[in-house]
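In what follows, a single structure is set out as structure tokens and then discussed.
Should a chain be cited, it is by its letter among A, B, C, D, E, F, G, H, I and J, assigned in written order, with residues numbered from 1 in that chain.
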Amino acid sequence: MSIATLDTSEHPGFSTSTQTLFAAKAEKGLNFEQIAQYIGRNEVGTAALFYGQAKARPEDISKLSELFQIPHSELEKQLNGFPHRGKAVEMPPREPLIYRLYEIIQTYGYAYKAILNEKFGDGIMSGVSFSTNVEKETDDDGSSWAVITLRGKW
Amino acid sequence: MSIATLDTSEHPGFSTSTQTLFAAKAEKGLNFEQIAQYIGRNEVGTAALFYGQAKARPEDISKLSELFQIPHSELEKQLNGFPHRGKAVEMPPREPLIYRLYEIIQTYGYAYKAILNEKFGDGIMSGVSFSTNVEKETDDDGSSWAVITLRGKW
Amino acid sequence: MSIATLDTSEHPGFSTSTQTLFAAKAEKGLNFEQIAQYIGRNEVGTAALFYGQAKARPEDISKLSELFQIPHSELEKQLNGFPHRGKAVEMPPREPLIYRLYEIIQTYGYAYKAILNEKFGDGIMSGVSFSTNVEKETDDDGSSWAVITLRGKW
Amino acid sequence: MSIATLDTSEHPGFSTSTQTLFAAKAEKGLNFEQIAQYIGRNEVGTAALFYGQAKARPEDISKLSELFQIPHSELEKQLNGFPHRGKAVEMPPREPLIYRLYEIIQTYGYAYKAILNEKFGDGIMSGVSFSTNVEKETDDDGSSWAVITLRGKW
Amino acid sequence: MSIATLDTSEHPGFSTSTQTLFAAKAEKGLNFEQIAQYIGRNEVGTAALFYGQAKARPEDISKLSELFQIPHSELEKQLNGFPHRGKAVEMPPREPLIYRLYEIIQTYGYAYKAILNEKFGDGIMSGVSFSTNVEKETDDDGSSWAVITLRGKW
Amino acid sequence: MSIATLDTSEHPGFSTSTQTLFAAKAEKGLNFEQIAQYIGRNEVGTAALFYGQAKARPEDISKLSELFQIPHSELEKQLNGFPHRGKAVEMPPREPLIYRLYEIIQTYGYAYKAILNEKFGDGIMSGVSFSTNVEKETDDDGSSWAVITLRGKW
Amino acid sequence: MSIATLDTSEHPGFSTSTQTLFAAKAEKGLNFEQIAQYIGRNEVGTAALFYGQAKARPEDISKLSELFQIPHSELEKQLNGFPHRGKAVEMPPREPLIYRLYEIIQTYGYAYKAILNEKFGDGIMSGVSFSTNVEKETDDDGSSWAVITLRGKW
Amino acid sequence: MSIATLDTSEHPGFSTSTQTLFAAKAEKGLNFEQIAQYIGRNEVGTAALFYGQAKARPEDISKLSELFQIPHSELEKQLNGFPHRGKAVEMPPREPLIYRLYEIIQTYGYAYKAILNEKFGDGIMSGVSFSTNVEKETDDDGSSWAVITLRGKW
Amino acid sequence: MSIATLDTSEHPGFSTSTQTLFAAKAEKGLNFEQIAQYIGRNEVGTAALFYGQAKARPEDISKLSELFQIPHSELEKQLNGFPHRGKAVEMPPREPLIYRLYEIIQTYGYAYKAILNEKFGDGIMSGVSFSTNVEKETDDDGSSWAVITLRGKW
Amino acid sequence: MSIATLDTSEHPGFSTSTQTLFAAKAEKGLNFEQIAQYIGRNEVGTAALFYGQAKARPEDISKLSELFQIPHSELEKQLNGFPHRGKAVEMPPREPLIYRLYEIIQTYGYAYKAILNEKFGDGIMSGVSFSTNVEKETDDDGSSWAVITLRGKW
């Protein structure tokens, strides 16, 4: 089974922690499900942490240091700042899988806004009190379905 | 309670059917939940149909003609073509509510890709065998949460 | 004293309510301070309402209908939907006064982020639990100073 | 408590002084409040100086040299030129915290202009005779509020 | 069966002939296969002619005038100029179906170039001595496949 | 006969595998036809694999390791991740040969959509259940013709 | 001698006052030198006023009303608001004459900054306490030279 | 007094001669006024030469070699080609001082064109038979004024 | 033989004179060669005049008025201003024929600059003392060749 | 006399062959006229070859290897691939000399299209069966004129 990797020759500009963590992940041959389970965060949040898009909690640093046998102080130095979010993905995304998600916003954007406004009134879905996860479902025909859930406080 | 409306003076460029349907919706004072229930589609799909982002089924045309008392032939003429999707929302979206959804793709794009690839292998979540819906949840503190679900075949 | 007006020949694309309200404002020769006082909102919020960037409360509609002698039902029809925010100002702004504000973000953006993160931790200043106002100060030399305050929940 | 850091692997293109100062800040583990107090400038101005967006006064160089034990001549060489402002933040900002500030300009731009023009007449808020600061307020419910003030000569 | 139509309210900016021809097509309820057969051109070429992307031959004008009962002189006046190609589709295309074709170029562009150069040497596939067509295939499982062929002189 | 090569001085940003494979290809002096035959994939797919636009199957890695005498483990490490598609070609393409393909989408985009919708109904040509190939034809006058075929499931 | 005119068919989007003033200018056949002399402003400022880029003083409105025999109240209504500057010229300018000025900034921008900083220290040339004018000089060979002067407070 | 410097860490992409000359300027601690006087060119032209925006005359190379004690042959090799103008300043400029100049073109562009056309007829101000300079004036109140003059053959 | 026409429904935004002249050209069925011969200008210049890209001389107005039987005063009013050049063609051009010319600049731009600089020294080819024309050549095989010549003073 | 050179510090991203050839050209002090004469190609084609915009023929490689005393095998390796055209010049060009050529397309684009269509019918000037050259003419007043000719098969 293949695992997600990061080739810095193709993806320059990521933070030092991103490089460190992906190198360790490739070395250990772990997928995000295994890592997420080990550190006790959800899978998407764990991957976001690897890509420098989420703030590491002190216990994340300890667990990752343990799991990957990276000196704690070294990892802490790399993960102790505040994440500079939103820098990773070029927009509009050219990567087809990510583009499909972008296209959903483009196609359903107004529909979401209309429905959300009618259900909740004027306002916004929070991007802070927010969680997201990815599930795999298999239907009766054996086909796989990806289910992405976005849950935010109004 | 306010309902979603469309001011063509602010939003030129929508299809004739979009203008017809929103004018009728405002006239009748119906929200999408009521319309969706009447025509038997999910709410987001119904709103998408109004914005010209989904193909109307023959029964949608009949039901909408009935509900809004618009001559069937007139509505059919407006809804019988194929939707030109993706034209509605300007990207990057400047509307804050829609921008938040866009920002989620920007922030979590790589994380979604990594998780999806690790769970399903190389490939893409279908945008055709695809459904999406919006739910409102209330937690113990009485706070409202918006939950958006995207479900697509792999 | 000049008052802020809107020339639709120069600014097409605003909502019907924006056109109605600015025409009435010019007709009555009122400035936003007077209107804000009448409807009981702060000045920036009142102007934002005129530009279609804020949701009108039922009492705003009543007060404005009264002040400008516009039939209540007509104004309600125009103001009853949900605002489509962010559409008004072209970005980057070419209007010099607005550009100066944009430039402040460009110059101090990272500094604000660093200070806010250090003071509040990881997170974001809310754009919903948010208020803003403009004050005029005069110093000892008789010079005028504009003071803009942004106040948002963390 | 985390402090703001700079990872040059993620943020290439900053001036040599920015790299020097952030490396020293991380080494000493100081936040901007402490540094600002030491050099006697306001916090935002101090951070702006670190990001190369403000001109260092001779006494800033002396104080920073002292605080961080960097040879005075070395720091002077790096900080003696004129700042090339506006280069740091990519616009439109993709970082969510900075984007919120940008969005405020996008949403309230015309409202600010209208209010400022009505209060001060035709003209512009100076970006030179200008100061800005960030305060933290706590309300009765214990919630934190960020207050950003922009003060410019008309 | 639905046929392709053109809603000028959604698609302003097409030539007069495009408007005339699509109105007539909708009126007669014909699809491009039927029209193509009548005028003796391939289907894609016929549709391109309708969208103002191909030059009408004198016999096309006669046939279309006949088929749609539009006075020959009127149609000739509209179709007699030289097509202004490439104006129709906004790039990058936001319409998902057209985007998929665009994405193929984005993904396979270099591969096509490498293969074409190795097979034909340095040079270019002509866009003048060029034809393209669309076929529908059904496989053993009853699934439909779209086959687009591009054929150009080297 | 010239073969397709990759000059990393002109094309930075490709993945490590792309650099490895093109260096080996140049060293061995093989064209894609020969390589495709050896690994048993079609030519375009083989080139796409080289450019990092297609996922390598385990047998591709074995065959390429064999053909180019690159240690299997080294190549596996480089090719084992998931491709980040769409990153290679800058859009709009400035390379004339690739631009011609782009221009075909720009010119015929609406025509393809109309024909495909009329033939298949509402929907999309899959980019996953998809294959493409390039053929060389010679006509009676000895002229060469490039024929590109795109075949996708509806 | 030709005079500067405005064709609204080619230049939509100017303010009502711009349209009124240019129509009157064309009708009277006056050039900006004559108008400037009549209203007592410099030529560039007068033209800027016509293009909606400068605020009209009360006496400008009176003089222009007089000169062009436009009812004072009508002109006052059109000119009484605050100018929305910077909207007129598309940037980068495509008009060759204006492009030359743009190109001067592009070429000499850093040189101006370096010289201004060395002469005046850190700071900015004011765009408010600012005047500009255009002169025509003729040298000994009878050649004409255009001299544009920009004068701003530091 | 500070002098203009160049930090290649912040400004990559300048020519070798720009790097050489700025390093020497910083070393010697000279401002452009002093250098311009030594080589006998005007100040803006001298700075333009340093930024690679002007062609060095043979005597400039000799004088600069002398002044900075750089071997003549080395400097000649760096300065002997033809300048690639316009590459230095990013447009629209984000640097506030340079932006002000850009804004002047944006605001007064049409006014300049109208005045120039009325004074000189159809045509263009030359960018070749062109000179520009910067002067410092002090008014009776002791305030400093920057005066930039652009002089070009018609 | 077809002649060049202008469909204002497809090409809004041209000047009134452009609309007048193309309507008259279509009415009379004349091509540019015939018109150019009648007014005594070269063909490209004549077409440029029609597209509003060249200044009409008084004798051009007289001749065109005569040829098309348009009242002289009406045509003079439309053609008497100064051309706003460069507005017609969208850049990068999407029209394939115009794109080919653009592509030539893209491909050969540096080569032209190198050759011109080596032949003429530092400087620029004038766009004012400039003429251009198009010729048709037929070679021995009966093939047609388009020859475009650009001639500008250095 | 100066010759065209290439400073890779200012122009990164060119191919290895471009770097090799320009370094050799500078070393030998040859201009393109001399090199073109030696290898028997026209001047523009020779420069295009240097900039990586034209395919080297085997005899070009031999001649250049001879002229510059670069080992044949080394040069062949660098020049044996297929050129990736169009990558060199940034568009819109900021270099003034190249911008003038771009501006000609912008100004005369429609005029060229109209004349070419009227002379040749619908179609395109080939970019493959194409040649271009630059000549220097001197008129009776001793003024120099640059004449650029573009010649393409229809």
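We take it that contacts are C-beta pairs under 8 Å (C-beta built on N, C-alpha and C of every residue); 3 or more make two chains touch, one makes a residue touch a chain.
If you're wondering where the values come from, they're calculated on a predicted model, not measured in any experiment.
To find the repeat of B-F among D-G, C-D or C-G, check which pair has over half of the same contact pairs by residue number; it is D-G. Per-chain CA centroids place chain A at a distance of 29 Å from chain F.
Put simply, the C-alpha centre of chain B and that of chain D have 42 angstrom between them.
Separation between the centroids of chain G and chain H, computed from CA atoms only, is 26 Å. Note: centroid distance chain F to chain H, computed from Cα atoms, is 48 Å.
Multi-chain contact residues of chain J, defined as those touching 2 or more other chains: 2-4, 55, 82, 85-86, 91-97, 99, 103, 106-107, 113-114, 117, 122-124, 127. A complete list of chain pairs in contact reads A-B, A-C, A-D, A-E, A-F, B-C, B-D, B-E, B-F, C-D, C-G, C-H, D-G, D-H, E-F, E-I, E-J, F-I, F-J, G-H, G-I, G-J, H-I, H-J, I-J.
Taken together, the chain A residues at the contact with chain F in this complex read 2-7, 9-12, 26, 93-97, 99. Taken together, the chain F residues at the contact with chain E in this complex read 1-4, 31-33, 43-45, 47-48, 50-51, 53, 85-86, 88-89, 91-93, 95-98, 100-125, 127, 130, 132, 134, 136-137, 143-154. Residue ranges on chain D touching chain H, taken from their complex, read 13-17, 19, 52, 55, 77-78, 80-82, 84-87, 91, 127.
Across the complex, chain D is touched by residues 92, 94, 96, 99, 103, 106-107 of chain B.
Those residues of chain I that touch chain H in the shared complex are 55, 82-83, 113-114, 117, 122-124, 127-128.
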